[in-house]
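Following this line, the structures themselves.
Note that chain A is present in both complexes that follow, paired respectively with chain B and with chain C.
On to the complex of A and B.
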């Protein structure tokens, strides 16, 4: 084989993997990178999208959103909404998964519960929002039951009162999202070898000790992975909040997604909306990198 | 054989090409983007376009239809990229932004060139002196009164002033029965309640929220209106859930006998009847401040129409606009939409056949169309800002004066 042929062959071998990858790289580039880069570009322009000759704005739009107290309120609401949702998704998901995995419950009842518990997952965000709007409206079922039980003295405007609105939307989101944890943890529970529990029984371990020293450590990889994913997804929730409260009353449920949406489609300030979107992207990116590092470490 | 077929085929192809080419040269195709088609009876707008095409040989119209919100976004992007359709359906709230982008053609020269009779149109929306929009169909917002609830509450005379309205609202309110005098939707998702349910009180009394083209929210008219709304709220006459209530929910509450009065679009009359055929209701103009006897401003939303500045067929586009604004066609279109006409001479057929519409038409004729958000920059954003301040006021966080001052500050930043 001549030297030229060898070089050609080596080159061919080096390029081949990239050629195989090229269709997916093109798709990722067009559908993910291009829009992302475009939005980042908009955030540095004046009158982005709305003018054919936008001028360079530098960091002006980032400065504007960082100076806006509503942005910081939105960030705080996003963190509250996300953290509470993830914690309760995990707790409720774990309780239900343990229940469905328990041999002490009648198999028929277990199957019925399995269907019931997974129901919230079958509804779209819009349906969930409508359901909870109807349930929590001042003349709705929830107020009626709570009044009859004497838990509340007068009708509560769950979504319309600044005191309760954020808790109400968080509650609706918790209801909507726990099945992901439940299903994942149930799969994890079924994968834990029975020997561990038998050995614990021989050692005289109590139920809570088995939970703390066997179940949770065994499920930890799933808990961390799903929690991180849930954190990223919940941070970007939009339709549920938009349909139930529109970010109000006042700014009580304004989160980063509704804040960005209003900048874009109410104020038509697409440059500032892009800057806000980039901030969300950076937060999500940070979490994603953390997730990837965790996955690699495993 | 082959030699015989080939020349024949060539001749046919040439003839077809000639026919197509001459056809293409003769026909101008106008693109007309709007959200009206889905809201009209199926096929009715297309039928009007077919009639236009028959009356104007050589002009074809392609309808680009979608829901309101989608159309709005499509038009915004089209304006930015210079790809706006030749003729566009417009909401008054959009025109300022579109004009700032130089996306809309000035129809003044077209009107002059065609000797268009300006007195026949109900309104011409102008921005910076440019005639950019005609309201084709107007949906007015009177007060709907549940007559059964009014009678049960002992309200014999329907309110004409704000004081009478407050009194009637108090009488109709029975919170223990989930029954309230008035309903106010201030959801931030669609802040149009600020325009339809709040500012309408200002316009009804011939007042204004503007002064010299700038916001004047700290003036007496707006502060008085806010104080009036606060007094209704303090008296417990407004159905709860104000801050997240949407227009649809407002209508549902009225339909289900849960509120005695609401300000709403006339376009909902048929919907209300369909949802509750037994509902006994009447329409009255929005009540005014004590002692006001002048003409009443009637809040309205409209289907507007304009021409793209980038259109290569502005002459033909103007023909279509003229056609839709003409007495006969306009009357037909608004009859289909249950709206009031953009041509003052047009008379929709439903006003003679339907008592409620007939009454509303009388209100329409004795008053004038008023919507000061039309032509304002980022109108929806202004409504959102006012909405937030009104919510703070109703939550007891600030006074009407403080709400007005805070909204004024926010609005001025947008002018």
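On to the complex of A and C.
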């Protein structure tokens, strides 16, 4: 092979992977990077989108949202909503996965439970919102059961009371999201060698010790991966809250996504909405970097 | 340390499959007993029943004089080494070895002292902070041994602990386990499908087939006096050659050859006379067949054979042959591999042998080493 031919061959080999990647890179560039950069640009402009020649605003809009108590309330609500969701997704998912993995439960019952437990996953956010609005309305099933059991003295307006609204939407989100954890953890549980438990049985481990010393450490890579992903996804939840409470009452369930949406499409303050969106982007980016670093470390 | 006694142990699964049938076995205090047999013979099931990992359908099981049938594994005072080693990958070697002590709530200082002692015995001291993934197969095996030793159990149960190692390491670990067992003097029940391990490691060997105990004896007696054709075929590698022939007077007759039997053969086996004029199964080990051209083979009578293939191993030649007799299946699935498809006999010749594949030879045999079995029951005569 001549030197020219060899160089040509090497060049082809070097370029080929990028050629294969180029369609997806173009799509990502157009549909993700471009809007992101544009929104970052808007956050530094006065009357972004609305005026043809917007002036440079510096950090004014960031200042404005940081001075807005509703933004801080939204941030707190987002953190509460996200943390509670992730913790309970994990806990419920783990309990159900352990139940479904147990050979003490009759196989037929186990298959029925498997279908039942996975049901919430089949519904879209809109359907989940509608279901829980119906269940939790003052004259709904939940109030009626709680009243009959004597747990509550009078009907509770779960989504309309500032005291309960945030807990109610968090509850609905927990119900909607645990199947992902359950399925992932069940797959992980089925991959743990039976020998580990038998060795532990001989060593005298009790059930809780097997859970602490074998099951959880063996599932840790799955637990960390899906928890981080769930954190990133839950932080950005919009339709469930928008349809159940719309961020109300009196900002009681306002989260960063609804706060940003209202700024953009109720107040038409697209510059401030962009600044708020950039804040969400930075938080998500931080978590994503953490996730990528964890995955690389593995 | 303790005696392990199994009396009429049966194990039947839900689908009415009898994994173990009336197993009676007594393992003396400090003895090294090997449970051996082909795949699916029930040896691992028997071990797991002793460990308490499988329920016993019926029968009595005593460890150190105590009936343990209804006891959970932790109360049986046994330790088990698994085929996969079952080392916890997220724990260091130290944590793996100390796990049972940690569960028992032993103080840290005591755990460290005990683990250090064991690590020294097993030459693991420099590896105590390593995770199992960073260890070689042999080191993992030693950690698994350490985890069993830390409990100072009454009995060790080992389920094919060497089967994941390469051939050379297996030989080394075989010797290590044997000497460790002698040093500790702990009653040990060791399951394997490898008859070489069975013959070299155990004080006694129990041969199982289809959940039924065939013979329990010292390796030497199993080799020299198998109770049936299965044990004869299973013990020894390559397997014993088993053929059908007719006993006529003092000769074993095939259509093309006759083997004259000495009086001693009838003296040793008085029952053999009763087979006169009838078919009988005779067996001869590959090492009792000789190349008649060599000095070692000249003193024996010969029969015609055709060489089908030769494996030159350096120290010996494994010669596959065809002789004019009907081969008898011992019931050992592994035996088929020894004979191959084209041949029906195998011999172990000295490396000086010059026999070539495809040639007709005279095969010398030491008739004093013949074994005889009933053609129906396959029991030794």
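We adopt the following convention: the second predicted complex is superposed on the first by the 278 of 298 C-alpha atoms of A that agree within 3 Å, B and C clash if a C-alpha of one lies under 4 Å from a C-alpha of the other, contacts with A are read in each partner's own complex, and residues count from 1 in each chain.
Here, contacts are C-beta pairs under 8 Å (C-beta built on N, C-alpha and C of every residue); 3 or more make two chains touch, one makes a residue touch a chain.
A quick note: this is a predicted structure, and the numbers were derived from the prediction, not measured.
**Q** In the superposition on chain A, see if there is space for chain B and chain C together, and answer fit or clash.
**A** fit
**Q** Between chain B and chain C, which makes contact with more of the residues in chain A?
**A** Tallying touched residues of chain A, the top partner is B.
**Q** Using the touch definition from the top, say if A:30 reaches chain B (first), chain C (second), both or neither.
**A** Neither chain B nor chain C is touched by A:30.
**Q** Contact-wise, after the overlay, does A:285 reach chain B, chain C, both or neither (first, second, both, neither)?
**A** The answer is neither, since A:285 touches no partner chain.
**Q** Check the residue A:246 against both partner chains and state whether it touches chain B (first), chain C (second), both, or neither.
**A** first
**Q** If we overlay the two complexes on their shared chain A, which of chain B and chain C does A:218 touch? Say first, second, both or neither.
**A** So A:218 only meets chain C here.
**Q** Now for A:119: first (chain B), second (chain C), both, or neither, which partner does it touch?
**A** So A:119 meets neither chain B nor chain C here.
**Q** Which of the two partners, first being chain B and second being chain C, lies in contact with A:209: first, second, both, or neither?
**A** Second partner only.
**Q** Taking C-alpha centres, what angle do chain B and chain C open up at chain A, rounded to the nearest 10 degrees?
**A** With chain A as the vertex, chain B and chain C sit 150 degrees apart.
**Q** Look at A:151 in the shared chain and tell me whether it touches chain B only, chain C only, both, or neither; answer first, second, both or neither.
**A** A:151: touches no partner chain.
**Q** If we overlay the two complexes on their shared chain A, which of chain B and chain C does A:52 touch? Say first, second, both or neither.
**A** After superposition on chain A, A:52 lies in contact with chain B alone.
**Q** One more residue to check, A:141. First (chain B), second (chain C), both or neither?
**A** After superposition on chain A, A:141 lies in contact with neither partner.
**Q** Quick check: superposed on A, how many Å separate the nearest Cα atoms of chain B and chain C?
**A** Superposition on chain A places chain B and chain C at a least C-alpha distance of 50 Å.
**Q** Name the residues of chain A shared by its contacts with chain B and its contacts with chain C.
**A** Common interface on chain A, chain B vs chain C: nothing in common.
**Q** How about chain C: which of its residues touch chain A in the complex?
**A** By the definition above, chain C touches chain A via 51-53, 72-74, 78-80, 82, 84, 86, 88-91, 99-100, 103-104, 147, 151.
**Q** Taking the touch rule as given, give the residues of chain A at its contact with chain C in the complex, in rising order.
**A** 193, 195-196, 198-205, 209, 213-214, 217-218, 220
**Q** Okay, in this complex, where on chain B does chain A touch?
**A** 73, 76-77, 79-82, 97, 101, 178, 186-191, 240-245, 258, 378, 380-381, 384, 387-388, 391-392, 395, 397
**Q** Which bits of chain A are touching chain B when the two form their complex?
**A** The touching residues are 49-52, 133, 137-139, 155, 157, 159-162, 165, 242-251, 262, 265-268.
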